[in-house]
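Okay, structure first, notes after.
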């Protein structure tokens, strides 16, 4: 298929690469053009604007940092919306707000274009290794059409019905679950440590009793070691995603007290200068609250 | 070995049974004597008091409901402490407070007796199937001596050093982790549901992306179905354990804001008449807060 | 002075009336035109659009329900911005977001117009009785010019410097303080009640020991009586204002955990159908959590 | 009357002094005997044990630091209980737990002695100036008998019925209200400060709009100035009292989420070395969370 790809960051680059590797014809765009070089070497054409990447495409993916970037690249001047052919489909994989997803749904429908929301679970390594899990929602026929592309990205796919925003809700809930587990681990490690239990021993129990899931084991390991740089997923992005979950909760009238607590901890981390550390730095905040360790600098 | 066993509830009975099955000579005691019948059929002798069960034992296990029961059976009149031979060892598997564990440590040491703290992770089915995970702490030689008994109970053992209370801290932290995951799931399901995502679909994502650990999958399933009776572990016991974690945190000067939040939700559950439901009924509370469903009756 | 007045709700009407009573020449506008009748009888002219109310004014007040209404009436088509003469001043008394206040600051400056932010403390009765307290911020000369108008509205004025958004921050903080006190009272009354202390007796202590301030006494009285309708200030507006405080906190990187807690309680109230009750219905939520009383219907 | 007085700390000394000044015959006891000197100079006799202070008394007051001290002085060896004449009355003014108050109620009744719970609101200066507010509960005839003594202590009295523990509940609720207001102020000041509003200006608004009650104005002033030493009421006592409120809430099945939040903040303060500062140091914690100011040393 002819595929446009908008956004070549840590996640977007390996995703686009996998699509190219699966034999699709790519036109890519990134704000900082130099990031497109690896894709160029795989045979992709580099566009000057999102519109150009969309112009002849059957499907355009977008994988952008936040609402602001997504809004600009899709709805802005020379954006995807302005050029995507009728019946072509925009697949949005960015972690964006439920509200923006609903606006995009309407905008594309009004333009006679398709829109599938398909955020992914997994970090850059998982993207590179085709180990992402995709959650997709949108009109059945459209999901059907892009299915070969989605399955080229990862190890599996859950379909969540015809309403695109449902997939965004689930993605936000997923990040909220990870953050919750990290907070629980952070408080537990602080308690164990101050009660004289080695962090390594507590980690051992956690692995034996609870988690076979790598997603939790890895974070538990980071918290046990107190290793928060380099960031796999930055704390300020954790703040963003939990805030988006709270916004979705407000719109749907669902109180999320645990998400509120997480938001305050992430915001404290940002305010105290940890925004660029990994979001598992919740572990450091728990230690500081407990007087175990002072923030350096 | 000659083994006393104090406390034949849902957990104690299969644990004692496994010890008998491993060839040890048992004397058992339970407040309600009739609960000892199955053990009697396995050849155990039934004692009239905890003291009697301890009198000739090399090792006495206790598996009791809470601090109050443990205090009475060990430190009370005709309790274990009054009769256990010098150098014999009390293995406490109950989920009790860090403070009581420290009192027992001292009391047994003063009496020339041994004391190992060895709480277990797993529900009654796991106990029956020798699938418990044991966390043990106490003087090295004592842990060594009771190791064959501990390994007869489950699938593995983590040793946590010489201070018995460390094992209690880790057990409380473990229950706190489970409760945290349930709260996060409860809020996520409420959000997903009110945003139009089927609970079954969300469960599917959870299983695919996060948890291979049965401990989390099972609770996620209960919350997805809204099935909170019969209780595997009663909500009022969840309140007890999270409260004990908070007490340990206060003593060690470790703030646990997520545990505070959980305590308030469990206490709300008790106040609203859900104390005897499963502790995963956090899921029902989240639905009620969101106006999805009213408490019946 | 020639004064435009935009927004004739419960607060705007008595405020405008006081300006008219102080001898100023008014042109008023309200979305629902019939609400302008009482002002008409005081001699005010009724405009068809916000722009018309602003056209010949030296000063235009706006007193609107929320960001959406303020944005439309000021920045929208036929809005204040489009018609206000150069050097005339827009006094914004609405409780709006810090972010919108900053946008208005810039928009008016770009148009050569003045902008003073002047939210007020007090309920409709206080507005009618000239008992409001005004907090004002903006360029010194502009505040000076509108001072006679501000002092005609209430019993006093605090100036908060040259940055208009500062006044919005303080207004939001003020509403947050009131909500905090109500939450604390709500939980205290629930505790006292369930421990057998009459709500009237607790109210008596509160009045004797703590508050001479009518603002707190009145809310304590409402919570003691459980009288939440008719709403003086609707619970959904409480949700709005606490949410705005949280947004301001996020922008400035200030975690506000108590505000997060209040937001969740207000959102629970809205989700459970209490959005149109008075915001002191926090008292009912506390009773329900404690199992004292079930929500009717 | 012949009055015993147990506990001559910052509060007990001026209270006892006022009783002596009102013409009552005092026998006083304090753990550190030297603290009794000022009372001796007012003509009081100094006892060697609580029992001795109680032996010939018609009424014995106790004003002690916490449950532990109260338990020892009343129920311990040579305690009040062992010596108080039948029909004499123990007036407990300490801020103790509801549970201990209930145990004392029973113990005194079993011994044929009277028991009135009469905690006080006000700091040492208020005690010295007879400005305390007393909340009293107990059997009507007993309250009647001690009324002249209670009114000699302060500016007023609220009676709370026949159940002594009711007065303890109300005292704990009162301290919880103060702490809530301080937390709300702390967060508001941090928000205002980081948004560029001078702390003094925000204080000015608070005084004008909200509080005529000195109790709140004083704390707001301390937070505005960041002046937390010397402590009027130590942060670790704040932790104690909020914890007692939570315990009372648990026993009565009343969730108190705001109290949980305060407990975590007080515990953080203690863990970070602020236990001996004034409890209004909540203001410093809010600044640190917001990255405004780092904890020294």
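Every chain is named by a letter (A, B, C and D) in the order it is written, and numbering of its residues begins at 1.
Going forward, a residue touches a chain if its C-beta (ideal position, glycine included) is under 8 Å from a C-beta of that chain, and two chains touch if they have at least 3 such contacts.
Owing to the predicted nature of the structure, the values given are computational and were not obtained by experimental measurement.
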Any chain in contact with chain A as well as chain D: B, C
Chain pair showing more contacts of the two, B-C and A-C: A-C
Same-residue or different-residue interface between chain B and chain D, half as cut-off: same
Equivalent interface to C-D, taken from B-D, A-D or A-B so that over half of the residue contact pairs match: A-B
Centroid distance [mean C-alpha coordinates] between chain B and chain A, Å: 37
Centre-of-Cα separation between chain C and chain A, whole angstrom: 38
Separation of chain B from chain C, taking each centre as the mean of its C-alpha atoms, in whole Å: 52
Multi-partner residues of chain C (each touching 2 or more other chains): 249, 253-257, 261, 265, 268, 271, 289-291
Chain contact topology (line, ring, star, complete or other): complete
Chain C to chain B touching residues, read off their complex: 257, 268, 271-273, 288-291, 294-295
List of chain D residues in touch with chain B within their complex: 243, 249-250, 253-257, 260-261, 263-265, 267-268, 270-271
Parts of chain C lying in touch with chain D, wherever the complex brings them together: 98, 121, 133, 135, 156, 158-161, 163, 165-166, 169-170, 173-174, 176-178, 180-181, 183-185, 187-188, 190-192, 194-198, 201-202, 204-206, 208-213, 215-216, 245, 248-249, 252-259, 261, 265, 289-291
